[in-house]
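Okay, so here's the structure we're looking at.
Order as written gives the chain letters A, B, C and D; numbering starts at 1 within each chain.
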Amino acid sequence: MAYLLILFPLAMAAVTFALPSNRWRPWLLPAGALVQLILTLVAVFQPTGQPPVSGLDNWLLLDALGKVILSFLSVLFFLCSLYAPGYLALRVDRPNRVFCANLFVTLSMMTLVALSHHLGLMWVAMEATTLVSAPSIYFNQNARSIEATWKYLLICSVGIALALLGSFFLAYASLKSGLESTLLFDPLIEAAPRLSPQWLHAAFVLLFVGYGTKMGLAPMHTWKPDAYGEAPGIVGTILAGGLTSCAFLAILRVYQICRAGAEAEFAREIMIFIGLLSMAVAAVFMARQKDFKRMLAYSSVEHMGILVLGIGIGGLAVYGALLHLINNGLTKGVLFLSAGNIHRAYGSKLTDDVSGAIRRVPLSGALFLAGFLAITGSPPFGPFVSEFTIVNAAVGSGQFVAGGLFLLLLAVVFIGMGATVLAVVQGNVPEQKQPAAFHDSVATGAPILLFMGLVLLLGVYIPAPLETLLRDAAGFLEVGR
Amino acid sequence: MNEWLLIAGVVLTALSGVPGYLTRYPGPVTQWVTTLIAVSGSTLGLLALCMFWTMGEGQSVVLPWPIPGAEFAVALDGLAALFLLPVFLVSLVGSVYGLAYWKESEHPDSGRKLRLFYGILTAGMGLLVIARNSILFLFGWEGMALSAFFLVTAEDGKQEAREAGWVYLVATHIATLCLFGLFAILHAASGSFALAPLAWDKVSPRTATLAFTLTLLGFGIKAGIMPLHVWLPGSHAVAPTHVSAILSGVIIKMGIYGLVRITSLIPHPPVEWGEIILALGVASGILGVVFAIGQHDLKRLLAYHSIENIGIIVIGLGLALVGRSLGRSGWIILGLGGSLLHVWNHAFFKSLLFLSAGSVVHATHTREIDHLGGLAKRMPVTAACFLIGSVAICGLPPLNGFVSEFLIYLGLFGTLVSGDGPSYAGAAFAAPALALIGALAIACFAKAYGAVFLGTARTHHADHANEAPWAMLAPLLVLVAACVVIGLTPVVVVPALARAISAWAPELRDVEAELVALAPLKWVSVMSLALLTALAAAGFLLRYRLRTGAVEHGPTWACGYVAPTPRMQYTSSSFAQSLVNLFGRVLRPKTLRPPTLALFPQKSEFQSKVSDVVLDEAALPVFRLAGYLFSRFRVFQQGSVQSYLLYLFIALIALLLWR
Amino acid sequence: MNAAIQNTMHVVVALVLPPLLPGVIAKTKALFAGRVGPPVLQPYYDLIKLFRKGSVISTTTTGVFLAGPVVGLVTVTMALLLVPLGHSDAPISFTGDLVLLAYLLGLGRFFTALAALDTGSAFEGMGAAREVTFACLAEPALFLGLLVLAKLSGSLQLAGMLGNSLASHWSGAGASLALVLISWFIVLLAENCRIPFDDPNTHLELTMIHEVMVLDHSGPALGMILYGAALKLFLFGALVVRLVMPRTTFAWLDWLIFVGAILGVSVVVGVVESSLARLRLTHVPVLLVTACLLSAFGVILLVR
Amino acid sequence: MSQFLDPFLIAALALNFVALGVSRIRGVISAVALQGVLLGFLPLFVHTDIGLRGVLLIIVTIGLKGFVIPGFLVHAMREAEIQHEVNPILSYMSSLLLGAVGTGLAIVFSSTLPLAEQHADLLLVPASLATVWSGFLMLTTRRKAIMQVLGYLLLENGIFLFGLLLLEAMPFLVEVGVLLDLFTGVFVMGIIIHHISREFASISTEHLTELKE
């Protein structure tokens, strides 16, 4: 099963790569994604009692945490793939062979990350996701996208290289304390109490910074606005929803080892600090942001901050963070895709040229606005539930300062983000020199509606299976607290 | 039973706009359908209220709700019922009014949106009032807040609408975040999200203070208490008028509801809370009306009066809180009773005023008071309604405004005379303040009514205005009726008030009897009726005398000047000038007066403007400064990949050296 | 002597006596000016004449124009029924009637101002503006005084506040009461537009406040206004008098003292008018604020 | 056997300085390549018993780090026909100084780290840290994109050095995976460098500052 989950997308990638027709190739994406989704659901919701999905003598193991990430990844990818044909149909001028194939490889690598219980293997997969997603950012093939790709590739590779060093430190920590050195996750957890603290300490920092770079935490976030700003909306969604989640998973794994070891307090301090810092940086750079795609990138930085903050606060907030991972990913889908549509409709992503989207492209405009309200934590949308859970946990555990700063930064972000969003959505449509042909259509609208629907659903009702998944995952993270 | 009726009503109103929004059927049909559904929804709600007041408490509804900590808990108690009446009544008349005021044909691009969110707005308020779980409350709250935003920016093509809407959105979101914090604290204190009385003694004073501050901020912003009112005037001015009516008649009351509900959860509040709220009430009352006097925009003027009336309501609440801390049931009953009754009264007469003002705007296409005049002749019914509204809002007998202020006065004087037990003279000073507020209100409405409806038309628009259609007049009459009934027979509201008060302070025994004992409402109605009959008689006498005696008609005596023009009338701004100068320190009026240079001065002009001090001289500068400071940080993101890698490295080293 | 007679007495005095006051004032001023002056009963003659005369009504006006005088007169009349005079505790008296008193006067003021604005004349607009403006400052002074009385008497009815017990408090809380007395006298002058606030005797266009408001009224309407003005003067006079008046057990004596005192008040007003000049408009608020502060100080003296 | 190890390491360290100090890109490339070759041989000295997979690994490492990647970079350079000066942001002298300082610090820092007794006296850890440091220096103080690739390579070399400490912990598959990733990474970077030079007619990253606030 595990192999199937990883290899099927690779196979699809090969097929996609082989298929000559530029027009029909995109349709393989939804098809493949659907199958993958079904496979995932089978793997995740297999009846209790069966042995867990595993492979390579437990290098691959689908644990509670992995289940959440994996199912989320495939849902996200599926929804994006629904958008792909409509989008690529607008870009028939561009060859999309590499693009589509890469998407599949990315999917497979993300699955690998979600499954792998071996830090080394996880590192390999993570770096691989970076490499394969780079060309997708370069899809538009102009000066700006080259620059974006270069920065993305270089900074992430360097960051992840540090993560590798960190993994080595971890292994050495076990070696130092006379254990047979390993990078396997479960033995590390068991050995954690006896790991040499200094090495564990250094290892955590390296891994946190390394994978944090990939996740886009401040101050390692610098590549994000460029990459998200230049990549097509769909790639933005997969980066902001998918890859970041993988990086977050990696950090969670490391955090688990620290929690089992002596470094829990230290790790949580750092997470709270970096989380708040990321939110602050995002807030600062969102203010007066003219480029609404870059603004979305900063919003992503902010929410990565919220995720680690949630873990740092601990307790109920862990549940909140995991829920927020899903909510944020889905809402980002709404935002990036509708922003992409608006970008197409105006031929610009600067608020100087864009206004009155609600009139020019009513559906995308409305969705963009709704997505904004959702991501800033207004009921009845999903992010409200998760963010409120985190606040509640912070206050409940007496961490008033963290909770207060969290709320304060949410307010600042809202103001910064809202100014830009409303400038885009409201008002009258400016005179365009050569009005773009783009208009809302089912192909480019329906998938976003699906995203929005899910966001709304998660706001008013959390299905029991998801609830159990999250509870298990949170419990799995909180063992030994 | 009542609860289910209410839920049905809420759902109906929420969905009222949907069919109209989805179907693109041309013409007025969608608009009629929408209004029909909305009206029936509100009617259901009102029905439920009647049943509640006649038959009594129903069974509260509690359903599981798969969201962490949340449950769908709904209950209708005295407080909720009291706040629900304006919700349903005002939105009902408002949606009828909208039929003619915001015709689909006249507003093709905003009409559907407007009706959709109007329904959601009503439903949101209905939900938040009956919610007994803070998460459910937040859903209703935000449903209200956001739809209100879309209503304020109904005409988002206009710059001023966008700006006002933006200010509103920021304010309301900050309020919501405060509520997040508040409910989190309450959860920490009580261990559940249920909005039920707290074991307050277990809460540390620090936490309690924090909770109180958040309550004050979160709900105070929504209620528009000075100085948290910054969003209020702008949005009231630019919103479509039947929206302004519900904004100022009902939505800001939701802030009051929050204050009342949360304070009801706390059995023994520190006396300082009451003091603070009392002081805030006095401040908003006086400043609100003072700012109102300075306005040239009819709707802005009314908006500032909302701040004033919120002030009066808050004074009552503060008195009640003080009473609760000191265990003086009389103060609780009179203070809270007056403030809650004023919630009703203000909802009625303020909507009445806004809707009549809307008819004026609709007929003359301007909100500038000094461009109007003489409308009493062209729009007699509207003029009469506005006059009644003015008398009511100034708290003058024989209308409803007087009754509520009467109760509050009694309570305030009571703090002096109640011999036995702890007295609290500080509160008494609110009485003269209230008197000042009343007198200023009289000045302000003399100005407004005089300049708009009396004298002669100052502009062409005003000269060619026509009386509003019946769809716009009927709602006015309903509200007039409400004002008159409460004014003449205040006894009818006693049961509702009593229930609300005992819901707020369960420790009190047979509130109704005590309220009747404390407040001679019978006398009030006797005197009001006597006043009316006396007026009628005297009026009749004068008429009779005039009919018998010789009466000739001529121009107004201009003290010998032979060619007076409408432009020579005393304008509203000159009417207000002396008061504006009197409070110049607060109002900071900006005047533009070009100096007269030549011996024979040429055509010149004089302008004066009173803008919102808090917004323009405190809030906005702060935000601008923050924006500027933030933009200074951009140097760190100048695109050089080397420096980016450097940050990465620095972060690494810093974290390594962390501990 | 039983209540019924007291009340009839009250009504009779309240309705008949007032026009005498302006007459007395005029007479006083005349004497000070060394003139003979009009007869003391002149106001009565004027009123009778006015009620007989026909009237001129501006074409600009609406019903509000005539509502002004009516409301003005009716409200002040009702208010007089709430104020205890002579030996009687007001015919109508209930908890909180003081609020009704103030707001009845407010209602009258509101409609008088509207009636003025109804004519669309700049002069009357000006008058209305000043009337309502100064009232804003007079009102708190009145209420602060009432606070003092409420604190002293422990009652919320004018009858109780200005009742028998009051005289006894002069020994205990004389300072506060004195302050209230001064500030209420200032309020009396302001509310009735006497010098130093306004000069009723100047030629109509030049008077600043009250008279100019009623420029366009004529005949019966004007009569109502003048009568109303007299009643108002009487009302405030009564308040001031009851504040200081010693109470005996003999009803007739009380009534005599009262009538004498209130005529005395009008004499004092006359003296003030002939010895002071009219204040500059811009200085009027200062005087009124002083009145507020005086009675506020009175309250503080009590509750400190 | 470690007496053979240290000279190698010192040579590797020396090569760091060469890489930092040389003014011609080709020089830097060959320095890095040579370092790669050296590193390739190291496992022989660290671990007494290396099986077949050890040998395989050595060959792969040397092949990739020593020849394929450098060759590819040279090719990319020729493709982009750029001039051969490094012209750094930070002068050679100061980067050398910084490198020296960093190396010193690395030695101090690693002496504080608690090492397993069998590695206590090895230069491995300091060497690896120092190389990582020089990699960082090159990444942050060089203008041309290709130089940053080389910096990245140095960084990886440093990490590889540390990896030698726990060869048995790292399964073959992962080692190869790492190397593969490294190669692909450099390969993709090379492609992008090619595009950059085509787009801007130069590979100086100064052109890459369009995207900013």
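Here, a contact is a pair of C-beta atoms (placed from the backbone, for glycine too) under 8 Å apart; a residue touches a chain by one contact, two chains touch by 3 or more.
Just so you know, these numbers come straight off a predicted model, no measurement behind them.
Think of each touching pair as a link: the shortest run of links from subunit C to subunit D has 2 of them. The greatest centre-to-centre distance from subunit D, using averaged C-alpha positions, is reached by C. Counting contacting C-beta pairs between every two chains, the top pair is B-C.
If you average the CA atoms of subunit A and of subunit C, the two centres end up 78 Å from each other.
In this assembly, the C-alpha centroid of subunit B lies 70 Å from the C-alpha centroid of subunit D. Chain centres here are Cα averages; for subunit A and subunit D they lie 31 Å apart. In whole angstrom, the spacing between the mean C-alpha positions of subunit B and subunit C is 36. Touching of two or more other chains is recorded for no residue of subunit C.
Contact with two or more other chains is made by residues 147, 150-151, 154, 158, 202, 225-226, 285 of subunit A.
In subunit D, the residues that touch at least two other chains are 139, 148, 205, 208-211, 213. A list of each chain pair in contact follows: A-B, A-D, B-C, B-D. For subunit C in complex with subunit B, the touching residues are 51-62, 64, 66-67, 69-71, 73-75, 77-78, 92, 94-97, 99-100, 102-104, 106-107, 109-110, 113-114, 117-126, 128-130, 132-133, 135-136, 138-140, 142-144, 146-147, 150-151, 153-156, 205, 215-216, 219-221, 224, 281, 285, 292, 296, 299, 303. Contacts from subunit A toward subunit B in the complex involve residues 147, 150-151, 154-155, 158-159, 162, 201-202, 205-206, 208-209, 213, 219-220, 222-223, 225-226, 266, 269-270, 283-285, 287-288, 316, 319, 356, 358-359, 373, 376-380, 384-385, 387-389, 391-392, 394-396, 398, 400, 403-404, 407, 410-412, 414-416, 418-419, 422, 426-428, 460-464, 467. Partner subunit D is touched in their complex by these residues of subunit A: 118, 120-121, 123-124, 127-128, 130-131, 134-135, 138, 141, 143-144, 146-151, 153-154, 157-158, 161, 164-165, 168-169, 171-172, 174-176, 178, 180-183, 196, 198-199, 202, 225-226, 229-230, 285. Of all the residues in subunit D, the ones that touch subunit B in their complex are 89, 136, 139-142, 148, 205, 208-213. Interface residues of subunit B, counted against subunit D in their complex, comprise 634, 637-643, 645-646, 649.
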